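Please go over the structures that come below.
Shared between the two complexes below is chain A, which has chain B as its partner in the first and chain C in the second.
Up next, the complex of A and B:
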């Protein structure tokens, strides 16, 4: 009765999120490849040949990077240590923007859910607002904000938080739509305020599913935060860009940064998968108090 | 303590769920509202608690128009006018004592709600009320782990926590088995008598109305068609209220003969509708 089985629409969104996660991975890879390719073009501008002639260099370049990194393998541990603060900055940007975006998403979701909204007539307004937030690509928002506010983590945070607000708001609202309204009505009859009705009557029902979506979003936001580093938002993305632009002589740094980034993403994925599995199982088995 | 309806109507679309009702209820007592499904019983009760708004008319409590209240005043009124629901409407994942303490929410600040800060005195009072209803040992269990009858008593405990002037009960026993139905009705009746409160209950069966009420209000198509003592509820009056719903009146009147045993009697009464 109190279970919120993900409806098929929610499952669709979940799949969409997963696809998006993959897309970010692909973009990260594509940027990496593009940077390498452009470096390659610059370096070999003099004797530029045909496409197929040059194709082998596409593979030569990573080989070049790795051979240099292997040659300077003693540097790698030091470099890993050196880039750790940047990694933490990237994670911070992701965490703060997920948190801010998530809290705003809760408010937006409740205000745009039938049966729960404080102003039922304004539901379409909040829904459209979330659509717009989702539709704006983070990188565009970040570039505009960087132009206005200058380079730094704040534009990245704002951009990611805005997107998170729209994306999580929609998912949160779909979960809340399936919430049992009887406790809310019961609390309302005692004179509880809207906030109290939501906090006591709705939150315990939706918390497991909401947390699960928020964790998934955190994973996505780590990738987004790394990518935004390229356009000047700081963090490890920025270091990667600098190292790549420097070219030969810094390839050990490139490898170290990638190692850090991939290890982090794999670790976070692993732990959040487990946490989400537990959250959703806990919600079904109704074990423990929320 | 006086609750007065003055030409109260509630319209859904083009249909009047409650149609120009005027009534006056004075002092403590157990008032039953009966009528077939769709007669407007729930709509009437929910307007008193302000869970639903009236389309026109006035509802006065001690001469103050409660339909005109808003914001803080409305919440204060709701705190004084507790409601018990057919489906209990508890927070299922929270423990029983917390559910009882929710009766205080209308008088609590947002901050204390946020951190779930109940004073020891409040908690003791909640446990005392649970004890009075015979379910003190369930206090730490999750509400959803209790039987229907126990959950409804938790809901009554929540209502008592509000220390209300009026207790409204919308078909409090309609989803309970006969045994539990009797336990819950007995509890409501005892509270009404011992505390001198006004209880207004929508009841599904004539039999229950006759057994527990001091006054019965019969509704049909949104209008009050009977208002009197339970002993005035003759078969003819029942037919007025329930109309062509013959199966109902027969099930209800057959119990009037009194030839049936207690359990069977309840079972027959529950057959109605």
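Up next, the complex of A and C:
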């Protein structure tokens, strides 16, 4: 055994680098913790009820509504049946807005992808337009349209479709950027129009990924459509609002709506998860077991 | 293999391919047809033909006009004879006595109002003359409890006037006039947002930009107690019509909700994800029950969480951030545990070979692989939650969402709605840019 060699310059350097990295990490962590703590205190102070006073009351409301629902269990099937049309309306809002938004997103995505766009100079215009559509909160569009068109499913549909256009457009364009351009060039050389080039050359390449993103969006849109219903755009959200306003004595209706919403989201999640896995990955391979 | 076998193979392959093509062709036809059929069903389910009857195009005109323009009211109280000039007719927009704009001239009981395109309105005691170029002078007067309208000689009633016994009103697009027994009013419309920077009581009101810059840099203090720049900022910040400071803090509250919700969810989900990953927790009971728990958190929609949480914690930003935290804990739990299951085992093995314990294996073998995934998801959700926090804020009564719904419900402050929307869009786009930058900086570098 020889003596341990004195640390060389490289090792010294490496240790210094590690120390610096650790210091930065610690500083970032401290900033993060401070932000979380002060943010929590600020939010807590501006809230009507405090966090710690509210914590033990967390289960009061669920307990209240569920005990009432259990006491009136024989009403539940009837209520589920009664609210089914509203649920279908909520699902329809989500489906139509995904469909319309998705179709518009295809056009926007193709127009804003380098190499595919019909007018390459207009790419930044379409990109900015999608950014704005994405950033615009659905509730604003929905409330303004309710003011113009009256209460109903159309404002919610338009609001969600507009957002979907922006969100899917960006994702679609990212997928289309990775598409192989050779088929497009080949088609172009045969004199195919832009539409034909896209339809035959690009769409088959990107369809699996696009469908997967559209399915994911559909899940998100169901939630959005339920929330918009709460502010007056129809569907199950609106029924939930009225049921909550009746208050005690009608909590069985609240529970029925909760159950419908919960079951729908779980079911759609489950099926879209499986469909997406099949679309994108084929079979899932699990690696990295330790 | 014999020739015949290959022939049979080729034959079946042909049939298969033919079949595939047929199916493709059928699909190319059936899918668009199905979509069309569904859209026709929606057309009737959503009663789109009946929409035209319910739509209120006059609201659209009000809204679009209000988005980018404002009006100044010149109103005369017909009982006391007092004339007030006020922006948007609001109390805080009243011009002080003797400081009315230069298109209004007051002399005793008469008030002359100059309007665009040569039109002019003159208020006299209990009467008014309206000069409309190309039409003539209309005389509107108050006779007891009645409003009488005299048209210029030889003229017929035009369609821009509506007259009844108790009200005469004229609408010219960029100005309006109306008279009722109690009040005579003229509205003049101007483009822009009124008093956006300084209200009328501020010494900086009505100054041009070069003037303001000059005031800011030159030493002459308008208010001797503070520099001009801070006085300007103070007047802008405490603007009583636009409430810039309140709007700013509301926006911060919305971002705070998104931040607390997203990061809190990440902090809770990370340790749970280890317990829910099959390669870290061999115990199926824990793993599966945690998976179901994540599904439950996600399945109970944000809407239901806001309802339940508002009952426990009352309205406010904390409730909003907890609602975001609840759903996102489910989402992150699922995503992180999937990421954990997909990590490369070799790295962990390598760390293990040095005699590291479980905690060290996690720290040096797993976290470096996991961190980019986690960080990029957190940042992505932070951006998307900023938008969600607007909607949730409207439900739980916190942040800019609350201001927004309040402004929309009054149905007249559309310029404020426009202001808030622009602010939200800019904030969300800024978050998008920052999170994109951070992702590139920390995850690639």
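Note that in this section the second predicted complex is superposed on the first by the 222 of 290 C-alpha atoms of A that agree within 3 Å, B and C clash if a C-alpha of one lies under 4 Å from a C-alpha of the other, contacts with A are read in each partner's own complex, and residues count from 1 in each chain.
What we mean here is this: contacts are C-beta pairs under 8 Å (C-beta built on N, C-alpha and C of every residue); 3 or more make two chains touch, one makes a residue touch a chain.
Please read all numbers here as calculations on a predicted model, not as lab measurements.
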item: Residue contacts on chain A - larger count, chain B or chain C; value: C
item: Partner chain in contact with A:182 - chain B first, chain C second, else both or neither; value: first
item: Partner chain(s) touched by A:265 [first = chain B, second = chain C, both, neither]; value: second
item: First (chain B), second (chain C), both or neither touched by A:92; value: second
item: Touching both chain C and chain B, counted on chain A across the two superposed complexes; value: 286, 289-290
item: Sites on chain B touched by chain A in the complex; value: 49, 51, 74-79, 82-83, 85, 87-95, 102-108, 110, 113-114, 142, 144, 155, 158, 162
item: Interfacial residue positions of chain C with respect to chain A in the complex; value: 35, 38-39, 42, 45-48, 51, 54-57, 59-60, 63, 253, 256-257, 259-260, 263-264, 278-280, 295, 298-304, 307-309, 311-319, 321, 341-345, 348-349, 352, 361, 365, 387, 390-391, 394-395, 397-398, 401, 404-405, 408, 411, 417, 421, 424-426, 428-429, 432
item: Complex interface listing, chain A residues touching chain B; value: 1-2, 180, 182-183, 185-193, 195-196, 199-201, 204-205, 286, 289-290
item: Contacting residues of chain A [partner chain C, same complex]; value: 32, 35-36, 39-40, 42-44, 46-51, 54-55, 57-58, 60-62, 89, 92, 95-96, 99, 131-132, 134-140, 143-144, 147-150, 152-154, 157, 223-224, 226-228, 230-231, 237, 240, 244, 258, 261-262, 265-266, 269, 286-290
